[in-house]
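Chain lettering (A, B, C, D and E) follows the sequence in which the chains are written, and residue indices restart at 1 in each chain.
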C-alpha cells in the first residue's frame, strides 16, 4: 500500500520522503508498570509538506514527535522500528551526530513556550547560542541573526525584545520567539507540538498564519501536533489521526474532514459542539481512552466503538486505503 | 532594582534592633547574678557592691539596655565581666579565627557538595547517585562534635599526624599560610565541613535533577546543544539557589562552630561563647551573640541581594 | 633558645595587672612570676610544707605596744621591670590601687580579686622611704599570710600608659623574676626572664615561658603527647599510664588542699548526730579511692596532714572501718531498713575539685554499704561556688545537708577560721553549715592573737584535734597537684604548695 | 446516560473502600528498602528505650572502680565500661530514653506550636500574617546552633531548659513552613469550593486545610528530628543539657572524652548511637517525603 | 424518580416569578492592588473587573466569553462572594445579597454554586468523592447519613456508579470523571444558579461532549440556570441562550446567541469570531483579524479600551469610554461604531503596522 503523499510542489515528488517512520513502537518503563505509548506507527512526510497529527490527550502524539529527535529519556524508554529523516537513521545516530542533526536538520516548537526557554538567559542569547553552535559564527553574528529572525516572525521592537528574559514576554510573543529559535538554522523539518493550544483564539490564528507563511517561504516540511480539528484544518496538507499510540486514519485534509472513515474520527467530528446542534444532544463518544499500560486486544477503539464486532477484538486492523493517500485502520472498511 | 535593594537593606534595621533586644533580654532571663563572674565568691559584700557600681549592674534594666545599645552602635560592647577586657576586641579577634575556620570548612564542604550534588543530579537513580546521596545524608546526620573526636582519635591519638587542638604553634594573631598553622586547621575544618557538604550536595542534587526535568532542557537538547553547553545552562539556573544555600551555610558555620571549636579548642567565637556561658560572663555572651547574629543578618542580606542580581526572575520593581 | 610551654587549666590568661584572677592558678603563673609580694612563699623545697620568706619586705614585726599595728621594712635596691624604683611610695600607691576608690589608680578588678583575701586590713601608711606600717581591724597573728596575696605593680609604667589598666595588662611591669613580653588574650602569654631580678638565686634558667590556657584535660593531654607543650597541669588521671608509657614525667606532691564534705548543722540535718558524722568518716574506703585516682591523692584524716604542726593528737582515728560505722549508726537507731538519708551538693568539675563525679559516686557506693544513702544535687562549678557563701539555708542549697567544695589552706584563717568560727556564718564567711561551737571560737580567737609561732601552732593543733574528734566534717582526700612533663623539662622542684617556682626549670636539649 | 435515580442502587452495599491517602503513603514507604530499614532500626532503639530496665544487662548507675574503662568485649562488659566502671551497654540502652526524649520532644512541641502559629497566620493572611512572620524573622537572624546554645546558656544548664531552648529553636522554621504550605493550600480551588458551599472558616480549616497541610509540615518536622538529636546531645556534650550521672549519649560522650587515650573505641560509642538515630530519622524522613511526593 | 422534590423546592423558592431576573448585577468592580509600589510610588492596580452590569434570567444559560485575563473568573468569584467586590450591587431573585433586608451570603450560596476549571485542584485530594460531595449539605446541617445518601444519588445521576466511585479519591479518577464529581458536588446543595467557570475547557473533545450533554440534561431535569464561562466560542454557542463578551474587565457586547454570532456589533466580537479556525479546508483564514496579544489590564488606555487593537478606531474613541447601549432587541454593545460593524464594514488591521517583514 502506498502511503506517499501529494505535495503542492510537483518537483519535490520525485525526491524520497523527508521523514520515514516505520513500525515505530515506544514503551516506557516506570517503577510500577510499562506504558505502551506508541504501538506501531508508520508515517512518511514529503518535502514541503505539512502533516498534522491529530489526537486526544495521551494518544502518543508528543512521544512520536520526540522520537523523531531522539529526545526521550534514553534509560527509561524502549524504542523499536525505523526512523529516518533526510536519509539519516535517527535511531542509530551517535551523540555527536545527534547534536548536529537537532536544531539543524530538524527543530522543534513546544507547547508552552514559556517553559521551553531557559528562564535565566535572555531570548537573544538563547537564539544566538543555537546559531553559534551550528554555524560556528561569533556571538555578535549570532545576535545579528537573532534580530533578523525576530523580524521574520514579526516581533515588534525586535531589538529591545532580544534583551528580554522569557518571563517578560507575553504568550504570543514568546511563541513567536520560539518559532524564531526553531528556524534559526533553516531546518528542513519543523516539529510543532501543540504550539497554539495555550494561546488565546486571536493569538492562535496569528501564529497559525505565521507558521503557514513561513513554511511556504522557507519550503520546510512540518509535522504539527494538535487535538483541535479546526487548527488542523487551518494548517495542514494532510492529517493523521492518532488513537492509543496508533494512527487510525490518515488522509488529505479535505478527504479526512469531508468524509472521515474511521469511527473514531467520525465520533470526534460529530461530538464537536457548534451552533448547528443547539439544543440537541451531542453525539459524544462514550467511555474514555484506554489505559496505555493495559491496551485491549485488537482495535484499541473497539470498546468505545458503536459499530464494533468480534472481528475488531481479534487483531489490530490493518490500514485500508480509500484513495491513494487516504486510509483508515478499521475492520469495517473494505480491504 | 534600587528600590528592591533599598527596601531589603532598610529591613535590616528593625531586625537588628529586635536582635539586640533579644540578646540583651536573653542574659537577663538567666538565673543567678551577673556579679558571680566578676568577683570571686569569697569577696565580702562591700567589694561586691563596689564592683557592681563599677560595672553598672546596679541600674534599672531599661537603662542598662539603652546604654548598651547606644554604646553598641558606637562599637563598644562593654567590658568582659570575667577579665575586664573590651568585649568588642575580644569578639572580633575571636571572630577572625572563626571566619578562618568557617571559610576553610566552606571551601571543602562547598566544593565537595557542588561536585557530588551535580554528579548525583545528573545521574539520578544510578549507583553513583545512591552512593553520593548516602554520603550526603551521613554528612547532615553526623554529630560533628563526635566526628571531631573520632578524627582526633585516629589522626592525633593513634597516628599522631595532626595536632588536636589550638590554632597553631604561635597565637592566632601570628597566623599565616604555613604548614605549622595549616596542620592545625585541617581537622577542625574537615569536621566542620561535613554538614555544609551534606546540605549543599542535597540541594544541588535536587536542584540539578529539578532543572533537568524542566522542559527547557529538552528544548536545549532539541536545539542541538552539546551536553557541555546544556550543563552551562543548568549551572546558571542552579547557581542562585545554590549560592543562597551556601551563603546560609556559611552563616550557620559561624554560629554553629561552637561545638567543633570546643572539641578542638579553636580560639574562635564558639569557644569564647562556651567559656562565657560557664563563667557567666554576660557582657561577652551578649556581645558575641549580637555580633554573630548581626553578621548572619548581613550575610543573609548579601545572599538575597546576590540572588536578586543573579536571577532575572526575582522582582526588581 | 629554651622555651618552656605550659598548658594551664584556666580557660583564659589570668589577669596580669597585678592581682590575678582565676584563683591560685592565676597567682601561680602570672602572679608570683611577674610580681612579688611583701612576703613571698618559699617554694624551694619539695620535702616540707612551704613557709613564708621575705619578699619585697626584708623584715617585719608587730608593734610592741599595739598588736594591731605592723611595721614592714622594704627591700632596697629593687627595681621594676621598667627600671623604676621600688620604695614606700610605690607600695602605698599599690595599696591605694585596691583600697582607695577615689585614687586615680583604683582598679575595681584588682580590688575585687584581693580585698577578700586580706580581711584584717584596716589601714596603711608610709613611715619613711623604705618603711610602711599597716593597721589591722583586730589583732591578727595571721596577717603576714594574707599579705602574700598583695602584689605590687609599677606606678611608673601605669603613668607611662596613661593610666589605662587594660593597656597595663598587656605591658605589665612588676618586680618578679619574669616579665611579660606578649599577651594574646585567651591564647597565650609569653614570659621572659628579668635579668635584674633582686634575688640572684631566682633568675630564670629558661629563655621563654609560654602559658597556654587549655581547660579541657583531654586537650592538654594530647597537646603534651603531640609535643605542642612541655608541661601540663592536672593531666587526666586516666591518661597518666599512657603518658608514662610515652616517657612523660609525672610529678606530684601533696599540698595544702582538702577534699571534704562540709556539713550542715541546721535543724533536721542528720549530721547533728556525732555518730552519723563519725560513721561517715569511717565508711569511706580512701585507699580504694586512691586506686581510682591512679594514686594521685593522699587520704585525708583531718583538714591538715598528720605530719603537719597543726594536726594535733586527735583520739578519733579516721580509717576505713565499716563495721564500726554500722555500729555507730545502729547506736543512733539507723540500720539497713532505716538508712541515713543525706543530700549533698556536688559539682561536675571545678578548680581543685579533682574528679568530683567519680569520687562522689565512689563515696556513695561505700556509704550505702554501711547504710548511708547519698543523694546528689549536681550543679556546675559556677553555681556551686557562689552557694558556698550563701549557706545551707539558702534556696540555692536545695535543702542539702552537705556541700562538697574543696579548698586550699595556706594559713589558719583559710584552713579553719573562715569555716569554723561562728562569726563566719553566711554571708560573712564560708561557715556554710552554721557551725557554732564556743570552744572552737575560743581556740581560734586565741590563736589569732598569739603572735608567737609555736604557741599559735599549739593552739591550732588543739583546735584541729578537737575538730577531728568531733568529726566536724567528712575528710576524704588531699590533692597532690599532678603535672605531666616532657622529660626534657628539668630542674623542677614541686613544692608542697599551690604555687610553684618556675625559675629553676631548664630544658635539656 | 441515565438520569433516573435508582434508590435500591444508592443504598446497595459498597465494595471495600479504596485505600486512603495515608494507606497509600505507607504502602509506598514499605516498598522503600532504605526507609524500611531505618524505620526498623529506630523501632528497635525505641523498644530498647522503653524496655531498658529489662533489656539492660546491668544497672546504668552501678559504678565499679576496679573495672573502669574496660575495653569492648570484656567479660561482663560487652561494650566495655566507662570512666566510673559503669556498663556502657546498659548506659547506652538507658541513654536511649533521655536522648530520644530530648531529641524528639522539642520537635513534637515545636510541631504543635509552630503548626498552630503557621496555619493560623497562613489562613488568616493579611496583616496578622505579616506581624507573626516578622517576629519569626527575628529568630531567623540566629543560626540554629547559636540560638540553642545561647538560650540554653542563658537559661542555665539542665534538661528542662535545653528542651525549652530547642523547642524555641524549632518553632520558627516549622511555623514558616506551615505558613507557606497553608498559604498555598488556602488559594487552591477546593478551599474556594468549600467556602462557596457556605462553610465557616473553622470547618474549612478542620476538614480541608489540616489534612492537606499537616502532611508536609509533618515531613518537614521529621527532618528536623535528626538536627534536634544532634543539637540536644550537643548541648549535653557542652554540659548544658542532661546532668551527670544520668545516662544520655551526648553527656556520655563528654564524660568519656578523657578516656580516648585509654579506650578510644568505647568513648565513641555514644556518638555512634546519636549518629545512627540521626541518620535513620533522616532516611525515614526522606523516604516519607518521596512517598508523599508522588503526584496523585 | 423523586426529583420532583428538587423542582418543587425551586418553585417554593421562586420569588418574583419568571420575569424577575434570577441574578441582577450592577456596576460590579474589582481592582487588585499589586503591592509593589510603596515608598511614595503609586501602587499598580489591575482593573480585573471594571463596572460590569448584566442580568441572568431564570432558566437561561448566559455564556461569558473573552480572552485570557479579561476578568471572567474574577466575575464568577465576585458573584460567589469568594472575593469582596470594590463596588457593585448584586441582587438574587429580588434580594440584595449580603445587605440588611436582603439575602445573606450563606443563604445565597445555598442557591448559587460553582464548578471550577481545574477539576483536580477543586477537589480535596484527601477526601473521598463521596465525602467531597456530602460536605456541602453537612455544612448546612444535613446529617452525615443523609448527606452521604444524597452524594451517592448525585453520583449516579452524573453518570458515575456510586458503587464504584463513592470511595475513590480524586487521583483515582480521570479528568472527565473528576469534572462530573465537581458538578455533583455543586448540585448537592440543590442550587438554582450554577456558575461554570471553564468547566469543560480542560477536557478532551470526546469527553467534553459527554460533559456538555450531562450539563444539558441536568439543566432540564432541575430547571437550573447556568452562567457558563468559556473561551471556546463553539461551545458557548452550543450551550448558551445569551452571550456576554468581555474585554479587559468590561462588557463589550451582550445579546441573544444566534443574533450575536450572526451579526456581531462590536469589532472585538467580530474579530474573536473570525479568529476561530475554520472547519472548511477550502475557506481557510487568510488574515488574522487582530494583531498582538490582549494587553494586560494594568495600564489601561484612555477612552475605549479596545482602541489600541481596534481596526475601526477613530479619534473620538480615545476620548470617552462608550457605554453599553441597546442595538436591537435584547442586544447591547459598547461601541460608538456598532452600526457600521453590524453592517459588516470592518477593515482588517494591517499586519505591516506591527513590523516590517
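Following the convention adopted for this analysis, contacts are C-beta pairs under 8 Å (C-beta built on N, C-alpha and C of every residue); 3 or more make two chains touch, one makes a residue touch a chain.
This is a predicted model, so every value here is computed, not measured.
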Fewest touching-chain hops separating chain B from chain D: 1
Chains contacting each of chain C and chain D, listed by label: B
Chain pair with the higher count of C-beta pairs in contact (D-E, A-B): D-E
Whole-Å gap between the CA centroids of chain C and chain E: 91
Rounded Å distance between chain A and chain E, as computed from the means of their C-alpha atoms: 32
Rounded Å distance, chain B centre to chain C centre (Cα mean): 40
Separation of mean Cα positions, chain E and chain B [Å, integer]: 55
Junction residues of chain E, two or more chains touched: 213
Contacts with two or more other chains, residues of chain A listed in rising order: none
Residues within chain D bordering two or more other chains: 156, 239, 257, 260-261
Chain C to chain B touching residues, read off their complex: 11-12, 15, 21, 23, 101, 108-109, 111-113, 115-117, 119, 165-166, 169, 182, 184-188, 212, 214-216, 219, 222-223, 225-226, 228, 380-383, 385-386, 388-389, 418, 427-428, 430
Interface residues, chain E side, partner chain D - complex: 1-3, 77, 80, 82, 105-106, 109-110, 113-114, 116, 118, 121-128, 132, 135-136, 139-140, 149, 152-153, 156-157, 159, 161-164, 166-172, 182, 185, 188-189, 213-214, 217-218, 221
Touching residues on chain D, where the partner in the complex is chain E: 1-7, 9-12, 14-15, 17-18, 20-21, 188-190, 192-200, 203, 207-208, 211-212, 296
In the complex, chain B residues that touch chain C: 32-33, 36-45, 47, 50-51, 54-55, 82-86, 90, 93-94, 152, 156-157, 160, 163-167, 169-173, 262, 265, 267, 271-272, 275, 278-280
Of chain D, residues touching chain B in the complex: 134, 137-138, 140-147, 149-151, 153-156, 226, 229-230, 233-234, 237-240, 250, 253, 257, 260-261, 264, 267-268, 270-272, 274-275, 278-279, 281-283, 286
